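We call the chains A, B and C, going by the order they appear; numbering starts again at 1 in every chain.
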Amino acid sequence: MSAAVSPAPRKGLSFRQPSVIPGFGLTLGFTISYFSLIILIPLIALAIRSAGLGPEGFWKAATDARVLGALRVSFVTALIAAGINVVFGTLIAWVLVRYRFPGRRIFDAIIDLPFALPTAVAGIALTAIYAPSGAIGAIFAPIGWRIAYTPVGIVIAMIFIGLPFVVRTIQPILEEVSNEVEEASATLGASRFQTITKVILPSLTPAILTGFALAFARGVGEYGSIIFIAGNIPFVSEIAPLLIYIRLQEFNYVGASVIATVMLLISFAMLFAINLIQAWSRRRYGYGH
Amino acid sequence: MATKLRARTHRRISPTSESRLVQWILIGIAFVFMAIILLMPLYAVFHEALAKGLNTFFAALVEKDAQAAIRLTLLVAAIAVPLNVVFGLAASWAIAKFEFKGKAFLITLIDLPFSVSPVISGLVYVLLFGAGSFLGPFLKSYGIEVLFALPGIVLATIFVTFPFVARELIPLMQDQGTGDEEAALSLGANGWQTFWRVTLPNIKWGLLYGVLLCNARAMGEFGAVAVVSGKIRGQTTTMPLQVEMLYNEYNATAAFALASLLALLALVTLVLKSALEWRYGDEIAASGK
Amino acid sequence: MEVRVANVRKEFDRFPALHDVSLDIRSGELIALLGPSGSGKTTLLRLIAGLEMPTAGKIFFGDTDASEKTVQERNIGFVFQHYALFRHMTILENVSFGLKVRPRSSRPPAGEIRRRAMELLDLVQLSGLEKRYPNQLSGGQRQRVALARALAIEPAVLLLDEPFGALDAQVRRELRKWLREIHDRTGHTTVFVTHDQEEALELSDRLCVMSQGKIEQVGTPDTVYDHPSSPFVFGFIGESSELPVTVENNELWIGGRAIGVPAGDTPTGQSRLFFRPHDVDLVEGDAALAGVVTTSRRVGGTRRVELEIGGDGHRVEIDLPFDHPAGEKSRIAFRPRRWTLFPA
């Protein structure tokens, strides 16, 4: 459209297509400078610091037993939490999209609570509930189950912060599934259960995978809501972000950088995976987001 | 008799829905899960805050260090949010109004901070400005403290809230296209007039939505700020950090009192956000949900 | 399978979409439901399918009362306007779906399912595309997949709701012919909804014209075209002109003049005269309809002129040879060759 107004469209050759709208240089320049100053340069500082170790040193620091233990705790708990969130997140998205019941809108609004509630607040609140003396902790304490100060507590905190990612990824896609597709399935003889399991849920697969990846990535990086409830016992309930914090307190900047670099590489891989899922689903099914 | 009964049940159930009973069971499960994971922590905050009565509650809020923490939190948000608004406007203008190479990549980069653990967001500034860095001592020689001071806290906050405004505005402005701006320009308006009188009114609700989310996160950020603040009581502790400190000093009631203010902020954010979605859904439609 | 719709009434929140509709669909015929948008065609089709339940009345499949049966049990093939294909399944999986979801006892073995699906894909001329996803096909191809999918369950009745509505004119015409061929080859009782009269006339054995939730006329395309039973049908099918006339002395009169058209056994009084623009003879002399040309345009091989008849501003359209010299304001006298009178 803008090319029509311009004197000589030089498509493919120029960096940008001509336009009559002003401010390109100013806004893009500011965007890139601001991004570089706030995000890029600090991240490069991190990369340089860990690169200073050399490949061997880096490997040695990254495979330190306590580091591996912390990474394992973070990843395993995040996987479990994301898995639980996928099940209940899909159910909640389904209920919110498909059913009409009193209080639905409020229910819907509350799903975003973890986005709005500061993580430290969530952390102490969850601890209060799941500690042996807390409302739920007290139920399980007599039979010897401890939730707070164990990896189970970590999983619960991760469920809290990850839930909206799953619900909010599935909801819009579920709204898009047309009624006609379900009717087609019914006319072909599929029972309601078959329609749900063979038609509706599979068509949500890309959204479910994306929601899982987002919740997982968030869980791995989470700090505030976890440290209060985790107990923070090395090799058992010490998460990777906490170990970074501990290394910093010890002024072991290199140690902190190594853990951070490993975590960053993994979360960028996750980001890449999410993009792949969406590109794949767009190409094959004609939708994504 | 039996067939008659069956016929009547068929009459009531649509082939693309579940029976009312199944619906209520699913709604029940979803609600119970949501209540345990989301509502209970919210309730716990206020319950614990008021556990020792209103007097203790208010005493905790007017306490000197608590007041300092509240002031610092407001100050940090008052600096970080406007900066990210300016960035969000610039980035969305450049991205939505122009076609240029590498645009998709730039959009991905803007979302990058979401996949970085908050602790790492703080860590990168420690590496950049802390002991052993080049910049830290250099600035210090001019009397500028970044780490364990306001600038560091602001930088870390900007890092974690970086994408909020931009990611609301970019899809919204892309949706709106360039027609309005081209019309205004053709009528003789200059760039600034076009922006203030045409573009901004078009995106005001989307912008407000982004600001709301950005602010909630800015005031509530814990991990990133914890790393850079040094936690000097009454000076570099924001509200979430003060909550942690009080909690770790076994002053749970005071911790929860301060936490309840943050929870209130979260609730207000949710209410305003939902109100915006219900009232101006179309005008922020391109954004997320 | 014969389908009998008996005195069916359907209300949506008190809004009546169908009033007391009865229709007998013969085994093996291809019947078109034709009518303007909102006339209740889709509603009737969905009632037959069991996707909706009637407020009153019954639907019989053969001798069995279908209200006893769910959609799943009715064994009908339904084709939607927007295809409604399963987008996460390949074409082959889409077509096999209906057989794969059958209970184990009546499900054919996997090899047999595949063979039948491939056979159907061959029938709809999509062999070789079985591994594609719906998203990778054109609209016309998708609709053919939808048809193959519906045929796979060997439906008692095939129901199609504006199946070509979303396609462009060219593809539409092709698919229309092709649907007729498939019907002739497979012999399924077929009901298809359209608002396109050309499509209905060309394709169907019989057509059922609907308006405002009622059936106006059911008959072969020729009967409906040549002997419309109501002013609505006359106006809706084919092109038509209408004039208010007076019947006296077994003759038609307009503005106090006889127009040389006999009234048959129509009773004396006011009446409405309907005729088609191409069913007219130009005449000289007095006893004819005469009018002044208001507009004239050439449409292919003929000239369509609009005439103003009398001083009351009534206008009719008639066709003339394209080289007819009539220009604006010229006077033309004609008499309908075939016509129908309806009570005023």
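Here is the rule we use: contacts are C-beta pairs under 8 Å (C-beta built on N, C-alpha and C of every residue); 3 or more make two chains touch, one makes a residue touch a chain.
Going by UniProt, the chains are A = Sulfate transport system permease protein CysT; B = Sulfate transport system permease protein CysW; C = Sulfate ABC transporter ATP-binding protein.
This is a predicted model, so every value here is computed, not measured.
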Treating touching as the only link between chains, describe the layout with one word: line, ring, star, complete or other. complete
So, comparing C-alpha centroids, which chain is the farthest one from chain C? B
Could you quickly compare A-C and B-C and let me know which has more C-beta contacts? A-C
Going by CA means, which chain is nearest the middle of everything shown? A
Chain A and chain B have mean C-alpha positions lying a whole-number Å distance apart equal to 15
Between chain A and chain C, centroid-to-centroid distance (C-alpha), Å: 53
Where the centres are mean C-alpha positions, what is the separation of chain B from chain C, in Å? 57
Two-or-more-chain contact residues of chain B, please, as numbers and ranges. 15
Sequence positions of chain A contacting 2 or more other chains: 183, 186
For chain C, give me the residues that contact two or more of the other chains. 51, 71-72
Okay, in this complex, where on chain A does chain C touch? 178, 180-181, 183-191, 194, 198-199, 202-203, 205, 284-287
Chain A residues touching chain B in their complex are 1-2, 5, 15-17, 19-24, 26-28, 30-31, 34-35, 38-39, 41-43, 45-46, 49, 88, 91-92, 94-96, 98-99, 101, 105, 107-122, 124-126, 128-129, 134-136, 156, 159-160, 163, 168, 171-172, 179, 182-183, 186, 192, 195, 217, 220-224, 228, 240-242, 244-245, 248, 251, 253, 256-257, 260, 263-264, 267-268, 270-271, 275
Contact residues on chain C for chain B in the complex? 50-51, 53, 67-72
Complex contact set, residues of chain B against chain C: 3, 6-7, 10-11, 15
Interfacial residue positions of chain B with respect to chain A in the complex: 15-18, 23, 26-27, 29-31, 33-34, 36-42, 44-45, 48, 86-87, 89-91, 93-95, 97-101, 106, 108-110, 112-113, 115-120, 123-128, 130-133, 155, 158-159, 162, 177-179, 181-182, 185-186, 190-191, 194-195, 213, 216-217, 219-223, 226-227, 239-241, 243-244, 247, 252, 255-256, 259, 262-263, 265-267, 269-271, 273-274, 278, 288-289
